[in-house]
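Here the chain labels run A, B, C, D, E and F in written order, and each chain numbers its own residues starting at 1.
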Amino acid sequence: MNFGTPRRIATAAILGGLVWMLAAPAFAQTPTPTPPVPNKGDTAWMLSATVLVLLMTVPGLALFYGGLVRTKNMLSILMQVFYCVCIVSVIWVLYGYSLAFSEGGSFNSFVGGFSKAFLIGITPDSMAETFSDGVVIPEMVYICFQMTFAAITPALIVGALAERMKFAALALFIPLWATFVYFPIAHMVWYWAGPSATVAAAKALAAAGPEAKAAAQAAMDAVSANAGLAFQWGAIDFAGGTVVHINSGIAGLMGALLIGKRVGYGREAMPPHSLTMTMIGAALLWVGWFGFNAGSALEANGSAALAMLNTFVATAAAALAWLVTENVVKGKPSLLGGVTGAVAGLVAVTPAAGFAGPMGAIILGIVAGVICFIACSAVKNALGYDDALDVFGVHCVGGIVGAIGTGILVAPYLGGTGIFDYTTGKIADYSMATQVIAQIKAVCLTLVWSGVGSAILYTVVRALVGLRLGVDQEREGLDLVDHGERAYNY
Amino acid sequence: MNFGTPRRIATAAILGGLVWMLAAPAFAQTPTPTPPVPNKGDTAWMLSATVLVLLMTVPGLALFYGGLVRTKNMLSILMQVFYCVCIVSVIWVLYGYSLAFSEGGSFNSFVGGFSKAFLIGITPDSMAETFSDGVVIPEMVYICFQMTFAAITPALIVGALAERMKFAALALFIPLWATFVYFPIAHMVWYWAGPSATVAAAKALAAAGPEAKAAAQAAMDAVSANAGLAFQWGAIDFAGGTVVHINSGIAGLMGALLIGKRVGYGREAMPPHSLTMTMIGAALLWVGWFGFNAGSALEANGSAALAMLNTFVATAAAALAWLVTENVVKGKPSLLGGVTGAVAGLVAVTPAAGFAGPMGAIILGIVAGVICFIACSAVKNALGYDDALDVFGVHCVGGIVGAIGTGILVAPYLGGTGIFDYTTGKIADYSMATQVIAQIKAVCLTLVWSGVGSAILYTVVRALVGLRLGVDQEREGLDLVDHGERAYNY
Amino acid sequence: MNFGTPRRIATAAILGGLVWMLAAPAFAQTPTPTPPVPNKGDTAWMLSATVLVLLMTVPGLALFYGGLVRTKNMLSILMQVFYCVCIVSVIWVLYGYSLAFSEGGSFNSFVGGFSKAFLIGITPDSMAETFSDGVVIPEMVYICFQMTFAAITPALIVGALAERMKFAALALFIPLWATFVYFPIAHMVWYWAGPSATVAAAKALAAAGPEAKAAAQAAMDAVSANAGLAFQWGAIDFAGGTVVHINSGIAGLMGALLIGKRVGYGREAMPPHSLTMTMIGAALLWVGWFGFNAGSALEANGSAALAMLNTFVATAAAALAWLVTENVVKGKPSLLGGVTGAVAGLVAVTPAAGFAGPMGAIILGIVAGVICFIACSAVKNALGYDDALDVFGVHCVGGIVGAIGTGILVAPYLGGTGIFDYTTGKIADYSMATQVIAQIKAVCLTLVWSGVGSAILYTVVRALVGLRLGVDQEREGLDLVDHGERAYNY
Amino acid sequence: MKLVTAIIKPFKLEEVRSALTDLGLQGMTVTEVKGYGRQKGHTEIYRGAEYAVSFLPKVKIEVVVPSGSVDKAVEAIVRAARTGQIGDGKIFVSAVDQAVRVRTGETDDAAI
Amino acid sequence: MKLVTAIIKPFKLEEVRSALTDLGLQGMTVTEVKGYGRQKGHTEIYRGAEYAVSFLPKVKIEVVVPSGSVDKAVEAIVRAARTGQIGDGKIFVSAVDQAVRVRTGETDDAAI
Amino acid sequence: MKLVTAIIKPFKLEEVRSALTDLGLQGMTVTEVKGYGRQKGHTEIYRGAEYAVSFLPKVKIEVVVPSGSVDKAVEAIVRAARTGQIGDGKIFVSAVDQAVRVRTGETDDAAI
């Protein structure tokens, strides 16, 4: 579950230590805790889940996008998505993981620090906490799992700039965006002190005698404050509705607006060159998304099972909803519509996967299917921007539907799981108003940070290397001009 | 192992309760049993296995079929398979799971009830039994795993009706077929009271003093009787030879006969538009089938390992057998032949996966490869029906070979595992005659129920919306007429 | 981890027995050891890993290669790769596993024996050791996992002979090559007595009183000597740099030289018919390679996590390195370059996956990317052989870079894990010179055995059925001539 | 010699081919083309975008015949290709000055 | 009647088509072709191998018109297809002896 | 001017192209076509179904040349395209009334 993430061992050590010291008198008999051992079942699942998320990106996303462009730009899409995975994987281990998931000192509300740069001090025996007190997985698995999230998010943006952004520009933009937009957002939404520190502090507080109360309270507050901004607001995001989808979706829209329309847009027909590839991609996205959502439970447990179930039914419901709407509005249900609806459902259920009940997930899927359909047809045509592959209409809009819907569907009386309170050790009381507001705040934070940040970065890149090729070159196609290859020689 | 399925908790509770009550005197000292905790290794494997079965269907089956049709109908196939997954997933959680895997009261031999409709009462903490007494997995994982079986089975039928059944007809037929054919068959073959109730009842019976004997016997009988018809007959089907393959195969044949031949069939050449896609699909079927077969062990244990091993070698042997036969008969071994043989082997080993030994699996594969080759060439051409993608020749025929072969190869003296008897706690004595007859009965039950049921449903659908498009529309292709898209725009 | 492999139970039994007998006096009190129970988490991961390696081969490798040939030869590639998987899987269970992983008596340094032919005596309850003393997995899972390695290795050779070797020749060559080249090499590099026998013998030796010293030492030596040649030399190969990549790469080069150039090579343009397929294949190779490398840990532990992390970053770094080099040399970064670099990185990190640290893996990837680029362009063009799909340039060269690099990067002071010494129970002292020499010896052993062996087998096959078709037939394409099919009918 | 060019509906190719071979015309060259004419096209919809496609798949058959056989060739094609619906296609006849068989160098009527 | 054959840049097809229909020419046949000429091609690189590709994608439009309308047809095509850069293409005019509409059997001007 | 149309075996395209450019003919248009003729086709088998394929892949080269260069053009093509086996193909020559270069509007010989 990613409404928090394994804490930095160090941090916890300090806080934990403090806590124990204070708590000592309260429970003299307690044996000193032995370091937790990972359950190989959890490790096994997380290894598989990580592989599934890579499958989502390459070949999944690459094909989903690639099939939608014209033949002459096919390779440019495959290349751009593939490049995102490569460059982000490398910077992730160099400093990305550290910026996202280490404590950031005075900037801790916004971004992490460099204490884990180059994965210093992390060995195969290092452990990362899950969301259960005392349950851990090898930190390297967690690093890999989160790496795949960092890789797919910028790759999603590619769709909005498709068929016109030159490779040199993208090659520069992606690492900048990951550094200044993705890592901070991930930190703001997912970074926290972790269960054991929280539980320990709470226990200590409860046990503290009058003289220790104040100190224990201080420790408790220190632990609670050791989290990203959105996390502190109480916003929940199981697998990345804000961090991944709203984040990339708004960045894509900004790009589409700043880079301008494709040559011939609106005048020439630009049908997808291979809906077969798009369908393969969509199917692999669905398949891989189970690693994305169910893997976000970080354990092979009931929460993962719920996330998997929701990821099945919300997606199916969204696809059906799109098909029905399309059939009513356009007269025919299309495969492209069906798979686009499925992706919209996947996006919407991402933040809700481990929080909503299956019936709630079905509702969420239906709503997302219909709203995204409108966003990709009526709205887009009305506003006239050229978001080539509907990154905004599907990921940003779908992500917002999901983020807010999660705040509603988590309600226990709506079949949701409610939110676990580590300080009390049970499901917290739920107030829809409070939760929905927290969700909206997180959405706005992401929209603003990513929207503004991306706009700045596009401008910088344009200044440095320019964003587009010449008109004739764009006509000839990015495959030949940027890469000197052709996708097909039948 | 699916020759039975996790029992409905409720049922077991009742029976179990009864049993304990009766048994009480017999073993006063026994501590009250604590609810079993799932092993995360089992959960991890079942999560992965579930994902693999979805991979089999989309994109696997969709591509295997899609590559075999003409370009103008490619999207219609992809759409129909994709639609099957979506619609069945939704009705599965609404009432399908309940109809298949809950107790059906007076209809219990044929179909389940509605006690689990909308997954009422199922939480992330609900557990489902495996085939080992006291071993459980989260019920939601089991629901997802079985959901994928329910989704792929109707999708298999699509191949028989390819290139001519209109989407509206299919959209109506599939949910009807799942409801009236699949759910009941699944219940008849796989539903049972589960290991713990069985073992407990047996223990009680053994322990019961003279005065309690009769009551204990009654309880034992109640438990044994709490199963689907074919299960009561003693038929075994590890992963769905009858439920999935014979079931869909005969439904496909019925459809091919009732809907008639494709326009131009026999006169115009109808070569596969992309054997590359067919090969990708076949490979993904093989890959995903490990989730299907090895996952059917419901645990990460030796039985799953055996199922995986058999699924490797039977498939390889069947592919080689087809290639050799084809080479002898037609003079050339073809890729399409090889992958079709592989699928035939996969189908045949499905019911045998956890029962036969590896050498037995090789024999089974060879037999299936040869017989299905004959069914798809000589037999089909002789009878002249237009089973477009050989659903009958591969799945029904292969399924029958497998179902009967399982009854033979399970024999311990043939390297098989034999059949575990929960009442005695050891491998039961094996009689080939008895077992093969039980298998044949299950095959016939499936052929009749599905054959007749499907015929009725096709007729109903024809009456309501018709089954086909006009000749000119069929010539233009289902992609444009039904969906308003084209698969390729090179 | 495959720098050794689960020992043959029998062998260990004998040695173990001997050891206990001798050791008896030393620790009279020791309770008799209970047979180890597999951890379901390990089993779950190994089941998934096995499936991933099949995914690498079909469709992965088949598409990676297939996309690179001309349309008229597409199916021949798909068929040849598919055939490799089928034929090798079958002979693997018949005698391959036994030749690779059983004790070979007097030939034990070079090849195993037939004691496990037909998998005699192996049941779902048979266990195979991992690399941790006392940790086991079901032997059938181990058989499946290693089967996938045996299947993909010969399939790699196909690329060097692409577009000209006739199917009949390949159909004969592959089983011969697996038998006389692969099985022995696998035995020489990976076969050993296993941890428990080693540890027991060491303990016994330590505990032995003066009178028992000599006998205990003899037992210890017997255990150490019970291993393949390269293993005895101390060469390490985590997942198959020598066994899989150098082995197939040199066999490919030999084939390319002996079979000659394609008709029209150098005169006619032979562009890849579908880089889209090549990209899909490369992506699936990457995805599946996690099963290959992380699965080679044989457990769901920190070593698997490290292998996964390295397999991510080395690959990404190699792809980037190739793109940069290509951009400098040719003026444009190409998708084909990027994915080829990724494969080169995967090859190079294979032997190092569980030994190098992540930063070391990045360096290794960069080096492999640059060197393989040179091998596939400058070197190849200079020498003028027609290694159609660069099997030598990528797999053999990349494998050598990896094998030697592993000897360096395993150094603890370079962030490597060092090498565990089972006799002392801790990381052994490391000498770079010693280790690198051991690595080079293993490389040479593989180059010679495979190079010479393959050359002989090609000659035999040519004598028996010939290697090529006629010029006109080759022009028409292998798909039509060998298989009577065409890949596409758009 | 004359070049007879026929633009017909794709699924009629086989029938036209056999009609021509029945006349003893042993050779022809076929090209996949797209046709625009009275026959109305269709609309394709991809998410928000709709395209009216006015070009329809057709097959072009080119057969060079001795001047004498033009009429029966045209007749045969018309008979075989006709469905009576819009879009059946056209036949055009034009002059060919010279023909050569590459293999033998034979020319004109001997070449076809 | 005359056959006007135009070889143009692919992205100009739509403009040329409408220019022709504006003249009341209701039919044409289009073929995807590869062109070789003054316009230089490009180089493709696949690992070690480099290929100079001299054939460029072009579209061939064939329209049969009454002799009277040849000039305005040619003119219309030139106007619509011109970009002023090398590779704009060619137009060739040749004679057609006879035309037949398959569906009706109508001939010559009535057929087109 | 004349239009020289050659239907040849695909792998001969490159040789024919250079033979023509050696004559100073700087332009040509190429189309992938399917040919039917004396050269026998092959049989394809897909599971139960067998198809006799009589159409073989060929390449059509169209080059418009000044009337004077027809003969050497034909000769050059024959020399380059001949393998001596059935299926080498045909060359047809027909008249072209008019040629226009779209870019410049130049006409006739100046246009080609």
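We adopt the following convention: contacts are C-beta pairs under 8 Å (C-beta built on N, C-alpha and C of every residue); 3 or more make two chains touch, one makes a residue touch a chain.
All of these numbers come straight from a predicted model, not from anything done at the bench.
> For the chain pairs C-E and B-D, which is connected through the larger number of C-beta pairs in contact?
By the number of C-beta pairs in contact, the winner is C-E.
> Just curious, how far off is chain C from chain A if you go by their C-alpha centres, in Å?
It comes to 35 Å between the two C-alpha centres.
> When the centre of a chain is set as the mean of its C-alpha atoms, what distance in Å lies between chain C and chain F?
Computed value for the inter-centroid distance: 51 Å.
> At least two other chains touched by the same residue of chain E: list those residues.
Residues 31, 44-46, 85, 94-95 of chain E touch two or more partner chains.
> Taking each residue of chain C in turn, which ones touch at least two of the other chains?
Where chain C meets two or more other chains at a single residue, that happens at 39-42, 44-45, 48, 269, 271-272, 274, 280, 330, 332, 334, 336, 484-486, 488, 490.
> Which pairs of chains touch each other?
Result for touching pairs of chains: A-B, A-C, A-D, A-E, B-C, B-D, B-F, C-E, C-F, D-E, D-F, E-F.
> Spell out the part of chain D that touches chain E in their complex, as residue ranges.
Touching chain E: residues 2, 6-8, 31-38, 54-55, 58, 60, 70, 74, 77-78, 81-95 of chain D.
> Inside the complex, what are the residues of chain C that reach chain F?
Where chain C meets chain F, its residues are 264, 267-269, 472, 475-476, 480, 484-486.
> Inside the complex, what are the residues of chain E that reach chain C?
Against chain C, chain E makes touches at 44-49, 51, 53.
> Show which residues of chain A lie in contact with chain C when the two form their complex.
Interface residues on the chain A side: 38-45, 47-48, 50-51, 54-55, 58-59, 62-63, 66, 74-75, 78-79, 82-83, 85-87, 89-90, 93, 118-119, 123-126, 138-141, 143-144, 147, 167, 274, 277, 280, 482-490.
> For a test of understanding, state which residues of chain E touch chain D in their complex under the given definition.
These residues of chain E touch chain D: 3, 17, 26-31, 64, 94-103, 105, 111-112.
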